[in-house]
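Here the chain labels run A, B, C and D in written order, and each chain numbers its own residues starting at 1.
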Amino acid sequence: MTFFQALSHFLREAGLNLVRGWRVSILAVVTIAASLYVGGVFLILSHGISSSVENWRGEARVVAYLEAETTAVRVEEIRRRVESASWVIGVETISSAEASDRFSETFPEISDLVASQGEAALPPSLEISLAPDRVEPPVLQDWLEQLAEFPEVAMVDDDRRWLAQVDVFASLLRLLGLVLGVVLLGAAVFTTATVIRLTAHVYRREIAVQRLVGGTEFYIRGPFVIEGVLQGLLGGILSAMAIGFSFSLLAARGPAQLAGGLFALEPLSWRLLVQVVAVGAAAGLLGALLSLRREI
Amino acid sequence: MTFFQALSHFLREAGLNLVRGWRVSILAVVTIAASLYVGGVFLILSHGISSSVENWRGEARVVAYLEAETTAVRVEEIRRRVESASWVIGVETISSAEASDRFSETFPEISDLVASQGEAALPPSLEISLAPDRVEPPVLQDWLEQLAEFPEVAMVDDDRRWLAQVDVFASLLRLLGLVLGVVLLGAAVFTTATVIRLTAHVYRREIAVQRLVGGTEFYIRGPFVIEGVLQGLLGGILSAMAIGFSFSLLAARGPAQLAGGLFALEPLSWRLLVQVVAVGAAAGLLGALLSLRREI
Amino acid sequence: MIQFFDVGKRFGDRVALADVNFKIPRGQFVFLRGPSGAGKTTLLKLIYRAESPSEGQILVNGRNVGSIPKRKVPFLRRTIGVVFQEFSLIERRTVSDNVTYLPRILGERRPERRRLAAEALAKVGLDHLQDAFPAELSGGEQQRVAIARALISRPQILIADEPTGNLDPELSRDIISLFFEINRQGTTVILATHNPSLRRRGRDRILKLESGRLVEDRIMDPISAEDIPVALGPPDPVATR
Amino acid sequence: MIQFFDVGKRFGDRVALADVNFKIPRGQFVFLRGPSGAGKTTLLKLIYRAESPSEGQILVNGRNVGSIPKRKVPFLRRTIGVVFQEFSLIERRTVSDNVTYLPRILGERRPERRRLAAEALAKVGLDHLQDAFPAELSGGEQQRVAIARALISRPQILIADEPTGNLDPELSRDIISLFFEINRQGTTVILATHNPSLRRRGRDRILKLESGRLVEDRIMDPISAEDIPVALGPPDPVATR
């Protein structure tokens, strides 16, 4: 029997088992699909957040809030001082009025309140864009502290501190996704192994007869291995479809609304979907091999 | 054969099947446990939130923010006017300074900013406690609108609007929990049915022989029904244990830290846990009956 | 009493039985003969309602077997002991538990069941194998366990489908003697067998099938053990042919 | 050539075979006799390695069967055609697919397999049932399908365990004639049977087991069909008793 004959035989037998035992097969397919879906979604989310963080970090900003009474001349002076540093890419001056406008844009709900305080409600500030890669972190740190000690500077707000927190959050999310995905994938492999072991148990007499009349293990076990792989493939395809669908739902709502632009929804890559399917097939294969190790 | 003989026979046979086929049984038990756990947790959460809302609603507050320039005398006048309504339980006057203090307590991070604005940054206000049950909602509504039209009143902030939102959120959570729970429970029933159908399929010859030698359907199917109930019971007990464990973890962190006191963690009732186990057993029973309807 | 009226059985378009008519009075001993595929097993299955007839009617102890509701079938079967052609033992149960399946359903307690099993197994020479599992038995041993199971509840009717196919001549003769003995106590016995060397007795009946048709129905001569033909045709109350 | 050297087989503390010695030259026809439970099936299983001996050694075509690695067992089995006592057909496959299981593994294409199946089934009188499923066959028909399967690959050794238990005398004779025919073409045939009425030929061998021991080993007289005893004991190269 040639390899292709064997393969076509295995496929036919495995297909028959799948169709005859569709109720059990569904269990395996669904657990594989669910685990891949959960793992995949978490990875996409954490990846999206991380890459937003990357983007922001590239254009890291520091805001120096000034005392409300600082004169325009003094502001300009400070601005020039700041610009002289080699790691500063640009500095923008935000007047009190501009600050109020921005605030009411971002939080329209509370804007009434601010409006009632009059013009002086929000202080003017300098928004400083940095290129953090041009300088050693400690040097930058020192520089920021010096900046904060200017009498006119009320407070220095360093975006990057917050970014670091978001980054940790993204890592946690990714870790959680990985752990959940791995646990679920383990469950999926177990389910597949159980389902295949059961199928083999249902047909134990036939298997015994095949052995007795001279069937090789390769020929007898092949269909079960292929059955596992097929279940994995189906599970993978299902979850790839579900991921694609969830993604398009998210994308339709517009990236701006996604957690306040907290994360950048990158275009879904085909590679990821193919990987999901491949992991499914691998899980099915593993389940099949585990079940075959002893029981069939 | 008496009823007790039959029952003990069923239990023994079902126990044997469970032990012999533990791998498949685990599938059923775990899906039942998982669905009950998810459903249970959602119900507990939404219940906690709802009952917090109930508490708050009993002591609903309306805050009337006043213009910064309002004189103390005028404030007192307004206050008396407000108090004259029969549904007002109490009114507290919050001066600008008190407001600032509260703000920096609640949001210590941004307090520097507020501090830099001087005393006038936050307006004085009147905190009005209401007994909403003493008045028809439209009358209350009119009254609030009149209040807002006082020249000194900058804005009326009605807590209850927010509470209504929280309430909607709790309902949504409960709905989501119910839907998820029902879907998962459906999956659990399906899994149980599949597992039992499979066990029956594995022993199809034995079952045929039992029929041929005069076994009644009651006697032949009984063990499978009990098997389903046992799986459901196990699943229910597992999930009750998991719920209890999760609950004690939450409780250990202290109720204050739970979503900023957003919800009240009520003591876990034994009744709930018993219900969880009972639902599990019912799911197992249903799965078994479904699988027996035609296949065995 | 077992009566077949114009009974036919088709599987798809394969005809297993056609136009079968006979009447077996209570207490008779019947040999069912016929070549492989003649329809013997099918005929027996109709009696204990493992199959339903495509045509005609079957009365067993006066009840129309074809119209017994499914729920009541087990109770019919409990009055009939059957030795199936494929033995049909329950793999997961010991020999003893296999043999006493019915007493157990009927609520017999364990010591009593052990006693019953030992008694029935002794009749077929297997009392030493009570606690073995079917897979551990030889072909002939399994066949004898199946015989013991059929005897356990002292049925009114005993049906045995090729019960000596895996037994040596000596054992076969012992088993047939056992059936004769049971028959003497009043049980109707129907024995499908190819074995031509089985001991014959007078007043025993021979039914012979060929391609699903009853081609012979006679009673053996009590003196010469020569066979006396019985008129073919519907047994009761009128002849139709 | 099949040789048994001091072969014993125990199951737990039940002794199924003890001290069995014999040598069957290529092309011989052997009847294996013995009462139920004597160890016939066990002896045959040892030859195709469905069981391993507890003691002694077994050579089949010069290879020590007990020491063949598990991986190679299928290839041993392909040189041996076996009719199992319990028929052992694959339920989910048609008669034709059951019969041509081995040719299929060996890569035979469908039309050729159909031809082979038709040929083998014709030999046992079942060519009209190619597309039936085992459950649709009578006991004797199933037994004949199992015989056809054993013949399909023209094995060097043919083992048949009670192959006529469910067949009528006429068919039994036909099947034995078929085995004789196959034997004439050079195949070694070992036939375990209780059937005492099987046709005998000169030069055929009779091995008789009782309680796991070889108690008789003789060759029938070609002229009178009377039996000539053969010396008991290990066949080759030295006698140990």
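Keep this in mind: a residue touches a chain if its C-beta (ideal position, glycine included) is under 8 Å from a C-beta of that chain, and two chains touch if they have at least 3 such contacts.
What you see is a predicted model; the values in this text were computed from it and never measured.
Under the touch definition stated at the top, subunit A and subunit C share these contacting partners: B, D. Using the mean of the Cα atoms as each chain's centre, the chain most removed from subunit B is D. Once the centre of each chain is set as its mean CA position, subunit C and subunit D turn out to be 30 Å apart. Between subunit B and subunit C the centroid-to-centroid distance comes to 65 Å (mean Cα coordinates, whole Å). The mean-CA centres of subunit B and subunit D are about 71 angstrom from one another, to the nearest whole unit. We define each chain's centre as the mean of its Cα atoms; on that basis subunit A and subunit B are separated by 28 Å.
The multi-chain contact residues of subunit D, meaning those touching 2 or more other chains, do not exist; every residue touches at most one other chain. Residues of subunit A in contact with at least two other chains: none. If the chains shown are joined wherever they touch, the resulting network closes on itself as one ring, and no chain has more or fewer than two partners. Remark: the chains found to touch one another pair up as A-B, A-D, B-C, C-D. Listed in rising order, the residues of subunit A touching subunit B in the complex are 23-24, 26-27, 30, 65, 67-68, 112-113, 116-117, 120-121, 123, 154-155, 187, 190-191, 193-194, 197-198, 201-202. Those residues of subunit B whose C-beta lies close enough to touch subunit C in the complex are 1-2, 5, 9, 203, 205-206, 208-217, 219. Of all residues in subunit C, only 48, 50, 71, 74-75, 77-78, 82, 84, 88-92, 101-102, 104-107, 149 touch subunit B in the complex they form.
Contacts from subunit D toward subunit C in the complex involve residues 11, 14, 34-37, 40-42, 85-86, 136, 138-141, 143-144, 161-162, 165-172, 194, 196-197.
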